[in-house]
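In this document, chain identifiers A, B and C correspond to the written order of the chains, with residue numbering beginning at 1 in each.
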Amino acid sequence: MDSARRTVNINMNTNLSQLHHDILEGVCDAWTALQQQQPLVHIMTNAVASNYVANVLLAANAAPAMIDNPFEAENFARIAAAISLNLGTPTSEQVQAMLIAAQTANAIKKPWVLDPVGYGSILHWRSEVTDQLMAFQPTIVRGNASEIGTLAGKQVTGKGVGTTLDSSEVYQQAKSLLAQCQCIAISGESDYIISQDYPVIKVMGGSELQPRVTATGCALGALIAAYSAVANPVIAATAAHLHFAIAGKRAAEITSTLGSFNVAFIDQIHLLNPEIIQQYADFELL
Amino acid sequence: MDSARRTVNINMNTNLSQLHHDILEGVCDAWTALQQQQPLVHIMTNAVASNYVANVLLAANAAPAMIDNPFEAENFARIAAAISLNLGTPTSEQVQAMLIAAQTANAIKKPWVLDPVGYGSILHWRSEVTDQLMAFQPTIVRGNASEIGTLAGKQVTGKGVGTTLDSSEVYQQAKSLLAQCQCIAISGESDYIISQDYPVIKVMGGSELQPRVTATGCALGALIAAYSAVANPVIAATAAHLHFAIAGKRAAEITSTLGSFNVAFIDQIHLLNPEIIQQYADFELL
Amino acid sequence: MDSARRTVNINMNTNLSQLHHDILEGVCDAWTALQQQQPLVHIMTNAVASNYVANVLLAANAAPAMIDNPFEAENFARIAAAISLNLGTPTSEQVQAMLIAAQTANAIKKPWVLDPVGYGSILHWRSEVTDQLMAFQPTIVRGNASEIGTLAGKQVTGKGVGTTLDSSEVYQQAKSLLAQCQCIAISGESDYIISQDYPVIKVMGGSELQPRVTATGCALGALIAAYSAVANPVIAATAAHLHFAIAGKRAAEITSTLGSFNVAFIDQIHLLNPEIIQQYADFELL
């Protein structure tokens, strides 16, 4: 049992209400630690997402750095506090960099997040790359229900890089992935965070507008990585999902059109604090 | 005569006023179909545009997917409802992917849009790639007056990737391109949509601020592709141009500075509906 | 002494107050010239920055064009009014294009700006590329204190692509770089503009929110290039830094959250004019 797991050596018989309270405290502590440490996050993401991902992480007070060439990937993976790899628009050169970074992260036990965008039968190449990356034991795998479901062996048909499955249908199957990673996060209308150490955590909130801003999922993956530099994998994933769900809900209270929502969402990512977390956090343990 | 043309077998002697009415109805129907079908659009675009293009298409309720590597281009072109190729910042690998997607689209009669950004004498490489792509018979070619004028054989001098020609000077010459495509759309202060089946459609509106937000032309090309999944090429091009012209005009009623305009423009892309189309659509038949 | 330097053949004994006045007039004239000439700026920048850089330059009324492939770099460098090269997320192909553009710019005495993002001991590859680019004598080198300090031979430890040094600690050492370029601009809480022809110019203003919008530094580099097409290197660098400092200060008067700040900043880049420059410009000569 590695040290991260030791710290969350939860007795599954603990009163769920107490555990819910402890998780919420852990999320607030993770937010505070993120503000204090501003962890350097090594990010390789897609062309659509890169600007947005960087702005989301800066709004949350992390320090994003997009280094995605194979000549610098190992060195940078060594100095970063966490790593986030996203398969949205891979190039041959970027894929080389991802494999080097993942191998390095695994070798030196650096937390890293894998977002297998578009995993499935249509997009062979990235799916094969994802399989190679999985061998380097990501700390956390996050994706939508189609991606995680397919990765877990349930053959489904995704609509391009979106999803046609509901996250609630997939989370039981996803547990098979825990042989290769410590935590799985499935985003959807509700989000599911799956691990061996906690019950399944179901996060509610957000807004129906959120999936209509591009790259929100990609930014969420990078934010999970940022939190994984300051908290155990499950608290990190939960903190990032709550950060997004709360910001999305509050942004949707302000506006209902997509241009304004995008602005309000970054504002609310920036404005989050423990009082807002305590007031808005909506999750349950399954 | 292929099936798309059969459906618009317009008698050119039809009363122009009736035809204007029919086009406007067609545009409203295309908007409604776009909301219902949310077509998957396979997009290869430039590094400047990718985030913006995705957000414009999501605001319009299409489903954009940027897949621009040669290893997945054919598979994805087969499942997409339409394809949009843009030559803004080509890489060697992306060019390979574009040629594969265009060849696939042509082979299986999938609608696809070509945006020959920067076509002309200065930028040889992309111009040669564009010539190769033209051989795969794009459904619609869209660009500014310099690009379309040069492509149609009129040698002009563009200012980089902007334009020094007025669209009104070019649209007659552009008809020569109808040997290779079904529809040509020229954007400018007024836009011109050229085909064999309809009179030239001149679209007015928009805002002088629009060209000062980067990638609006690139997003327009991808939106034409989205509409081409649910309407014939001429209605698709007209619907996309009106969508932009109306959103631009309405956004400029709200603000006159560029940061705010960018936000308001996405809001108005999102807010469009048939009532707003009927109220604001400004086009004439030449 | 080349012609650019002749035009600023300042007698260092000139009354500093008069010189301050002359610089401010020069900045206002540069802004006016930028509006009139709308110079075409050939930009190679990183994946995170490209959309934002283009929008900042359009808001300032320059004409940005991102041409970053090796097959078109020479031709485009020849027709552009200025060139901006940024090492944020280099690819092998983009690096080839940068070397060609820099060589061309040096050969034909076209003003060009180098932004050595991440220069230092961790990121070897880009640092070696930067060294090669330096041999082509950039007109202006701009960066943060870590990058410029390291480039000037002072070994420091940067935090990824951010900075851990204060610009005030570095500007004396930076003068050694004047053997290879005409002007050095160091951005930070205050900015320093260093040359042989003027005293050190220290620019104040901006907002603490500015570094928390990604790619502001990258956009600043490209804006310096735009101004270098219409003014001597020192006035160009000062004009761009004042443009940013004033827009940042005014945006922060409007809002204190990052999503809204990003919008307000572009609005204020757009709204700048000589009256606002005269009212808000805050700089001193050291």
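For this structure, a couple of remarks:
Methods note: a residue touches a chain if its C-beta (ideal position, glycine included) is under 8 Å from a C-beta of that chain, and two chains touch if they have at least 3 such contacts.
If you want to know which protein each chain is, UniProt gives these names: A, B, C = Hydroxyethylthiazole kinase.
Quick caveat: nothing in here was measured; it's all calculated off a predicted structure.
Note: Cα superposition of chain A onto chain B, rotation of 120 degrees, nearest 5. Of all residue numbers used where chain B meets chain C, under half belong to both copies. The two sides are thus made of different residues.
Rounded to whole angstrom units, the spacing between the C-alpha centres of chain B and chain C is 35. Contact of a single residue of chain A with at least two other chains is seen at positions 47, 50-51, 91, 262-263. By the touch criterion given at the top, residues 40, 42, 47, 50-51, 54-55, 58-59, 63-69, 71-72, 75-76, 79-80, 91, 93, 262-271 of chain C touch chain B in their complex.
Residues 46-52, 88-92, 118, 122-126, 159-162, 212-215, 257-260, 262-263 of chain A touch chain B in their complex.
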